[in-house]
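You will see subunit A twice below: alongside subunit B first, and alongside subunit C after that.
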Partner chain A sequence: MKKYVLKRILYMVFVLVIVSFLMYCLYNLIPNDPARAELEGIKKTLKPEQYEVMYQQLRDEMGLDDPILVRYGRWIGVLPEKRTGEFNGILQGNMGYSSFFKVDVTEVIPSRMVNTIFINVFVTILALAITIPLGIVCAVRKRGKFDNIVQVFTIIGYSIPIYIIALLFIWLFGVTLRWFPVMGIKTPGSNYTGLRAFLDQLYYLALPILVMTFASLGGMTRYVRTAMIDVLGMDYIRTARAKGLREKVVVYSHAWRNALLPVITVIIGWFLSIFSGSVIVENTFGLNGMGNLYIIGLNNHDYELVLAVQMFYTVISLVGALIMDLSYGLVDPRVRVDK
Partner chain B sequence: MKTKIAKIIALQIAAVMALGLFAGCGQNDDGTTPTTTANNGSAVEENNNTETRPNRVIFGSTTGISGDLGNAWWTNNADDKVVRDLINDYSTISFNKSGELVLNGTVTKSFESVINDDGSKTFTVGINEGLVYNNGEPITAADYVAYLLVEFSPQALEAGAAVAPDLVVGGPEYQSGEVNYISGLRLLDEYTYAITISSDYIPYYFDESYASLSPLYLPMYASADLTVKDDGQGAYLDGGSLVAEEIDAARWTYEGRVSAGPYQLVSLDIAASEAVVEINPNYAGNFEGQKPSIEQIVLVKSVVETEFDAIKTGSIDLLNALTDGNEINTALDLVEEGGYEVCAFERSGYGRIMFQCDFGPTQFAAVRQAVAYLLDRTEFANQFCKGHGSVVHGPYGLSMWMYKDSEELFANEINTYAYNPAKAVELLEADGWVLDANGNPYESGVRYKEVTAEEAGDYPLNVTLSDGRVLMPLHIMWSSSENNPVSELLAVMLANGQQTADAGMEIEQAVMSFDDLLGYLYRDSSQGEKYGVPTYGMYNLAADFLPTYDQSYYYTSDPDLVALGYNMEYLFDDELDRLSMDMVYGVDPGDTATYLDYWQKFILRWNELLPSIPLYSNVNHTLYADWLEGYEQNSVWDFQQAILYASIPSAE
Partner chain C sequence: MAKEKNKKNKSGLFSRLFGNRNKISVTEEEKIQSPGRMVLGNFVRNPLGMTGLIVFIIIFIVVMVGPYFMPLDLSYQDNTQTNVPPTLGMMSYPKNTQGTLIDIAPGTTYAAGVTDEGRVYIWGHTKISDKIDLADIPEEVSEAFIVKIAAGYDHIVALDDKGKIYVWGNNRLGQDVLPSELQSAIASGKNLGIIQIEAGYQFSSALTEDGQVYVWGNQNMCDVKVKSDIKGRVKKIALTTYNYIALLDDGTVSYGGFQKNAISEIPETLGNNIVDIVATGNTCAAVDSDGKITVWGNVTHGENNIPEMNSKPVKLYGGLYHYTALLENGEIVSWGDNIHGQAEVPASVNKEPNTQVFSGFYQNYAVNADGEINTWGLKGYLCGTDNLGRDIFTRIINGGKVTMTVGAVSVIIALIIGVVLGGVAGYFGGWVDMLVMRASEIIGGLPFLPFALILSAVIGTAISVEQRMYLIMVVLGVLSWPGTCRLIRAQILSQREQEFVTAAKAMGVKERSIVFRHILPNVLSLILVTATLDFATCMLTESSLSYLGFGISPPTPTWGNMLTGANNSIVIQQYWWRWIFPAAVFGVCTICINLVGDALRDAFDPKSAER
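Let's look at the complex of A and B:
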C-alpha cells in the first residue's frame, strides 16, 4: 500500500511539472504586454519621457524580455528573482502577483475560498442527503408513479442550464415572494459577529445554495437509482428476500452497501469539488468565490492569478484521484490497490 | 417504509428553505438591517417617500471592490476609487462640476506662483488653519509635504508605485537615494509649503494641477516616528526610514484608517465586496464648503443579470452610470412604474473607428472621409445605444465646456459627414480611385488607384502591372475584437453594406482576441513578428477624455514616441501635432481664450483629416430610488462628488 501511494505521488509530481510548464507556456503565448497594460490607466497623465522610463522599468522588473524557460524557472522557484536575487516562486509558497488586485495571489484566494467552501459544503451535504434516499426510493419503486414523476423532474433538472434555474429562482423566491435576497453575501452595512453573522450569511446564501442543490439533484439521483436497480436484480437479493428478511434490511443492508461501490467515487468527487466555485452561480449572485475569481482573472488578463488557480485545481484533482482510488480499494475488498 | 423515505426527502427540501428563511428572520430588529429587504411589499411601496428609512444609500456597481485604497500612485479600480474619493479630500486644487480646475478654498489660504530664472516654476501654497483628520489630529503643511516625500521615495518605487519624480526639482535625486531631501519641495512654516516644478514641464496650461497635493497621515505609512523637516535645502523625513512593505500595507489598512474626506471608512470586506463609509464629523467641506448629509454609504457589488431585481427588492438603492441601451430602457421602465429616478449625462468620450494612416488605402484622407460618408452614424448610434446615444464629430465630449463654447462655430465649420454614399464616390474619384485591377477605367467591383512607390509601401494587396505601374485596391483590412457588439453592427451597417460595395470599397473584417488586436495596433513585434508588420488599417475602439484635456504627443512624428504607443493612428501631420502641443504648452494657465482658440483649431483640423470616425457617445444613466433628492451627476462629477449635495428627507 505504502509503495503504491509513494509511486502515485511520484507520478503526481511528474504530472504537475508537465502541466505547470504547459500551462505557463500557453498563457505566455497569448500576445499580451502586462507592463503596457499596467501603465495604460495613467498614460494620459504622464509625459512621454516619464512613460518610457516607467515602461522600461516595469518590463525589466517583470522580466518580460527574458526567455520563457528563465521566466518559468523563476515562477516555479528554481531560478532566482531578477530584482532581489532570491528564490521566490511556487516552491517557496509564492503563487505569483495578481496584476488586477495588485497583491500577491496568496492574499487574494483565501477569502474567496472561504465563500466557496461555505456554499459548497451546504450544497454537497444537502444534495447527498436528498439524492441518495431519493435514488433508493426510485429504484425500489421502479416504474411506479413516484419513480416516473421523479424521472421526469430529474431529466428536466438535469437538462435546464443552471443559469436558467438561477434566474427562475431569483424571480420566484427573490422578486415575487421576497423570501430571500437576490444578491450579496451579507446584510449591507451590517457588522454582525458569531452566530448572528453565520445566520445572516446563510440567509443571503440560501438562494444560491438552493439553486446549486436543485441543479445537482438530477444527476446523482439517477446515478444512485441505476446502481440500486442493478443490485436489486442480483441473485443474493432474491435469496435475502426468500430467507424472509424484512424489506428494510434487504434494501439497506444488502442492496445499498453494494450499490455504494460505484457511487462512492462520485461522492468523493463531490466532496473534493467543494473547493471549486461555480462560475455561473457566483457571477449571477455577485458572490466573491473561486469561480468568480477565475473569471475576473481571465477577463483582466491576470494570468498569474489564473495560473495559480489552475495549479491549485490540478493539485486537488490529482490528490482527489488518488483518494478515490484508495477509497475504492478500501470499500471493495475485491479491489487491491497495492498491486 | 417507502412513504417514510419520501417524507424525509420532502422534509429535507423544506428544511433547506426553512433554514434560509429562519436565518433571514429577526433581521429587522437592528438598525443596520435594511428595512427594504423585508418580506413582501411592492417596489412602489418600498420607495414611498412617506416611509421613514435609514439615512443611507446602497451604491451598486458591477466592478466590485478589490480593497486597494492606495493613493493615485497605484491604478486602483473604479469602485476602489469611489471609496478612496469618499474618504479623501483636502487637495489644494479641485475640479468643479464643469471639469475646470479651481482652488479648493476650504483648504487653500493662498496660492502664488513665480517663474524662476532657470525656467522652473515655484508654487507657494498657504494652508488654512483648523483642518483636522477624521481622528481629530491637526493637518498642517507638513502633511502635504509628506505626501510627496512618500510618493517619490525609493521605498514607494520598490512597493510598485507608478510615479514620475522628475516633475519636481530634486525629485529624481531623492528617488534614486542620492540625497534624502527634495530640493524643489520646501516646508516654509507650519501652514505654508512650496513646490518647484522642473522647467521641462513649464509652461503647461494645467500646471496648477502639478502643485495640487493632499495631506498624508505619516503614521499610517511608517512605523517609525517620522517627522517632516526642512533645514533650508529641501524637505526631508527625519526620525527613521520608510519601508516598502509598510507603504504597501497602508493601501490595505481598513481598521482605524485615518483620512480627511467627507466620509470615513467603517469597514471594508473584500470577501463580501462591500465597503461601508460614514460621515466624517471633522470634515470642513469640499471646495465649495459643501458637507454631506447622508449618514452612511454602503458600496456593494452588483451583477448585470440581477441588478434591477436588486434595486426592486431594495438590496441596492443606486445603480451607477448605466451605459448599455437595454439596461437604460429597463431603468426607464422602472422610473415609469414609479419609485425611481434617473440622472442622465453625456459620456466624455466615444466609440470610434480608428484608422492607421501610414499605409494602405487608409493613408489617404479621402478614403477615411469616404468611409465616414458610407456609414449612417446617426442610425448606428441609435441602434447601438437603443436611443440613448449621440454623435460627435471630433475628439470631444458634449459635456465639455470647450464644446459648449464652440457650438456656434462648429455648427458652421465642422463637417458632420452625414450619410451620403454619392459624396463618398465623388471623393474617391477625385482622389484617383478610378481604375480597376487591370489599370482600366473603373466600372464595377473594387476600385484601384495608381500609387507611388512610397505610397505603395509593402501593402500586400497591391497589384503591379506589366508596365511597372503599382495599383492599390480600395480594400481595407479591419481588425475587430471578438464578442464585440459594435463590431457586429459595423459589419452589418458598413463592411457588408450594399452602399460600400457599390462605392467600390471592400472592408475585410478579421475577428480576433483583444490581445491580438492590441499586438497589431501597437505593432509590437516583441509579441511576435507578425505584429510588427502593418496589417490592419482599421480598428474599432473607444476613447475617453480627462477634464484636463490634453492631446499633446498623440500626433507626434518622433519614432521613439510612436514606438511607445503615442500616435497609434500613425497620422504624421505637422499642423495637428503643433496644435495639440501648443494647446497645453503654448498657453499660459488661466488664458482660457487662447486655449479655446487652439482647441477649436485642433478639432477642426482633426475633423478634416479624420484619423478616427466617432461612432457614438453614450448617454449614461444613473438609476436611484426617488427618496434620494438633489442628486446630479455628470461625466466629470461622479457619484462621490454628487452625493455630497444629495439628501434623504424621509430619513429617520
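Let's look at the complex of A and C:
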C-alpha cells in the first residue's frame, strides 16, 4: 500500500508538471509584453532608434525570445533567471507579481484563502450533516410521503443554478424580510474581538453560506438515497434481516458501508466543486475570497495572479483524485486499486 | 357519496392520461413483454416523469420553433421602452371615459387623455423613474379645466381653458421652464390664445392663434430656438424627437430652429399648398392640397414607403417611426415601422368612417363617427422589457434555443468520451486505466473558466457569435467528461469483480463482448441517468459561464446572460420581471429534465420498479 501511495504521488507530480506546462503555454498565447511595459515609463524621453535598441536588449535580458520550455523552467524555478542568474520560480516561493494589486501574488492570496475556507468549512459541515441522514432516511422509507416530499425538494434544489438560488435568497431574506445583510463581511465601523467578531462575521456571511448549503443539498441527498436504495435491494441485506439483526444495524452497518462507494466519489468531487462553485457565489455577494480573486484576475488581465490561483485549484483537484482512489480501497475491500 | 364518485372519476381520468397497470388477480399471469416495451410501459406509468417529459417537450418545441415566429434583432434596443413591467394594458383607457375623450396624447409607454369635462386621465406604465410617476397629476391640473394635452418622452404638457400651461413628469432638464413671455402672460392672467401644444423628447412647444411659437426645454439636446423670420406666421408645428418644423401661413414649410440636419433640409419639391405637416421621431411629412405626401429626414424604418390610398389624405399623424393618415372618406392608412403592430390598421377600424386619430410613439387611437375609440399598436409586454428596452419574452424564447443547443451538443460530446474511456479504464485496468485516469486528471485539472477566457482572448473578436457558440459547446464537452468517466469506471470496477463476469470469462466470452454485452447493460441505467442529469448540468454550466460574462456574450441571449445584470438589489426588488421570468423558465426546464432522468432510471431498472 505504501508503495502504491508513493507511486501515486510521483504520478501526481508528473501530472502537475504537464498541467502547469499546458497552463503556461495557454497563458503565453495571450498577447503580453513585459519588456514593453517596463520601458513604457521612459519611452517619451528616448529617440525611437534608442528605444528600439533598449527594447531589444531588455527582451534579450528577460529571455522573452527563448524557447518556451526554457521560460517554463524559469517560471517553475528549475532554471536560473537570465538577468540575475538566480533561481526564482514557484519552487522558490515566487508566485509572480499581480499587476492589478501591485504586490506579489503571495501577499494577495492568504487573506482571501482564509475567507473562502471559512465559508466552505461551514457549508461542508452543514451540508453533510443534513444530506447524509436525509438520504439514508429517504432510502429506508422510499416511496413514502416523507420521501416523496424530500424528493421533490431535492430535484428543485438540484436543478436550479446556484446564482438563481442566490437571487431568490437575496430577494427573500435580504430585500424583503431583511433578515441578513446582502453585502459586506462585517458590521461597518465595528471593532469586535473574539467570539463577538466571529458571530458578526457569521451573520454577514449567513446568506452566502445558506445559498451554498441549499444548492448542495439536492444533489448530495439524491446520490446518498440512490446508493442506499441500490444496496438495500441486495441479497445480503435480506440475509442480514433474516438473521434477525436490528434494522439500525442493517441500515447503518451493512447497507451504509456498501453504499459509501459511489457516494465517496461524489463527496470528493463535490468538495472540490465547492472551490469552483464559490466563484459564482463570491462574485454575486462580492466576498473577498479565492473565487472572487480569480474573476478579478480574469477581468483585469492579471494573468500571473490567475495562473497562481489556477495552480492552487489544480493541486487541490489532484490531491482530491488521489484521496478518491485510495478511499475506494478503504471502503470497499473488493476493489484492489493497487493491482 | 357524490363526492366519492367524483373522486373516482378524477382518478380514472388520471390513469387514462398517464396509463395505469391493470390490476390482475393472483391466478392470472402477466403477459411477457420485450424489454423495450417494458421500459416504455414503466416510463409512461410514472406520472412525475411523464409530466416532466410533457412540460420539457412543450418548452423544447416553443424555444425551437418560437424563434421562427419571433425573430430576434440582435442590434435592437429602444431607450423609450426600458424596464417596462409586464403589462398588456398600455392602451386600455379608463372605461368610464368612453365617448368623452376629446384629446389623447400617446406617450412612450403611457397615454394621457382629456375628457370634455376638462379632466385628465393617464393610463399605461407611467413610472419614469423610482421617484417620478406621470400618474401623479399635480393638484392644480386636477382643479383646472384642461382642454389640450401633449405627451413627451418623460413629461406631459397640458393647457387649460384660460390659456395656462402645466408641465409635470421629469422636470430636471428644464422641461417646465416656460419662456418668459409665456410666464408673464400666465402670471398676469392674460390669455395668449394658444391653439396647439406639442411635446418632444425633452422639450415642448406652444403655438398661439396669431402665429407665435414658443419652445422650451432641454437646450443641450433639442433645437429649442425660434427663427425670427417665422415669428407670427406659423399655422401649425410638428415636433420630431429633437427638432421641430412649422407650417407657415403662405402654405410653405419651414424648419424652426438654427441647426443643420436632415430635418432642416426641406425638399424643394414641396410647393406652397401644404395643408398639414407632421413628424415622427426622425422624419417629417407634409401633405398638400392635392393629397400628395412628401417624407423627409432620417428614414430608418420605412417611413417613406407610402402605400396606395383609396382616397385623398386630409390629415397626417405621426408615431415614433410610423405615420398614420386619415383619408377623406374616413378610412385610415398607416405605414412605417411595424414592430409592435403600430402600422397595421385592424380591419374593424375601417368598417366605419373615422373622424379623428391620435398617434404617438407606438400607439394609435382612432375615433369613429359613433364616438367609439379603436386602438392598435403597442399593448405592452408579456414579460416586460430589460434595461435596453428589449422584450424579455422574445429573448427568453430565443435564448432558450441557444442554451438548449449548447447543452445538448456538449453533453453528447462529454458522454461519448466519458463512457468509452470510463468503460475501457474500468474493465481493463492496468496501464490503460492509468493512462485514462491521468488524462482525466489533467483535463479535470484544467479549469473551465480561464480556458474559455483564454480561447476568447486568443481567438477573441476574430470569430463570429455563432463560432463562439460552437467553441463553448466543444470546450464544455471536452472538459466535462472526466466526471462521467470516473463514475462509469467506479461502477465497472465493482462490476468486473462480480460473479457473472467471472462466469463469462470462464465460458470463454471475448473481452470486448464482456465489456459491451455483459457489463455495459448493467451500468446502462447509470449512463442514462448521467446523460439526462448531465444535460441539465451542461445547461447550468453554460448559463453560469454566461452569467459571469465568459460564455456566450450579449446581445445573443441565453438564459444565463439574461440574468447577468440582475445581480444587484435594485434590479432584484424593483425590476423583478427581468430575472424572475428567465430564472423561472430555466428552473422549470432543468427540473423537468431531472424528473425525466429519474423516471428513466426507474423505467430502465426493473429491480427499482419492484422495490
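Here is the rule we use: the second predicted complex is superposed on the first by the 285 of 339 C-alpha atoms of A that agree within 3 Å, B and C clash if a C-alpha of one lies under 4 Å from a C-alpha of the other, contacts with A are read in each partner's own complex, and residues count from 1 in each chain.
Quick note on the criterion: contacts are C-beta pairs under 8 Å (C-beta built on N, C-alpha and C of every residue); 3 or more make two chains touch, one makes a residue touch a chain.
Being a predicted model, the structure only gives us computed values, none of them experimental.
With both structures placed on the common chain, the touch criterion links A:V137 to subunit B but leaves subunit C unconnected. Judged by the touch definition given at the top, the superposed model places A:P262 against subunit C, while subunit B stays out of reach.
Within the superposed three-chain model, A:I323 lies out of touch with both subunit B and subunit C [touch as defined at top]. Of the two partner chains, subunit C is the only one that A:L22 touches; subunit B does not reach it.
Of the two partner chains placed by the overlay, neither subunit B nor subunit C lies in contact with A:A197. Judged by the touch definition given at the top, the superposed model places A:L167 against both subunit B and subunit C.
Applying the stated contact rule after C-alpha superposition, one finds that A:I295 touches subunit C and leaves subunit B untouched. Of the two partner chains placed around the shared chain by superposition, neither subunit B nor subunit C is touched by A:I125. Using the contact criterion defined above for the overlaid structures, shared-chain residue A:L210 touches subunit B, although it does not reach subunit C. Comparing the two complexes, residues 30, 163, 167, 170-171, 174-175, 182, 283-284, 301 of subunit A contact subunit B in one case and subunit C in the other. Those residues of subunit B that touch subunit A in the shared complex are 1-2, 5-6, 8-9, 12-13, 16-17, 19-24, 27, 30, 32-34, 37-41, 56, 58, 64, 66-68, 70, 72, 74-77, 160, 162, 164, 166-167, 200-201, 251-252, 266-267, 269-274, 276, 296, 298, 300-303, 305-307, 309-310, 312-313, 315-316, 513, 515-516, 518-519, 522, 524, 526-528, 531, 546, 550, 553, 556, 560-561, 564-566.
Per the touch definition, subunit C reaches subunit A in the complex via residues 429, 434, 437-438, 441-442, 444-451, 453-454, 457-458, 483, 486-487, 490-491, 493-494, 497, 536, 540, 543-544, 547-550, 560, 563, 566-567, 569, 572-573, 576, 579, 583, 586-587, 590-591, 593-595, 598, 601, 607-608, 611. By the touch criterion given at the top, residues 30-33, 36, 38-39, 41-52, 54-55, 64-65, 100-103, 111-112, 114-115, 126, 129-130, 133-134, 136-137, 140-141, 146, 163, 167, 170-171, 174-175, 177-191, 199-203, 205-207, 209-210, 213, 247-248, 251, 283-286, 288, 301 of subunit A touch subunit B in their complex. Listed in rising order, the residues of subunit A touching subunit C in the complex are 11, 14-16, 18-19, 22-23, 26-27, 29-30, 142-143, 151, 155-156, 158-164, 167-168, 170-171, 174-176, 182, 226, 229, 232-233, 261-262, 265, 269, 276, 279-280, 283-284, 294-295, 298-299, 301, 306, 310, 313-314, 317-318, 321, 324-325, 328, 332, 334-335, 339.
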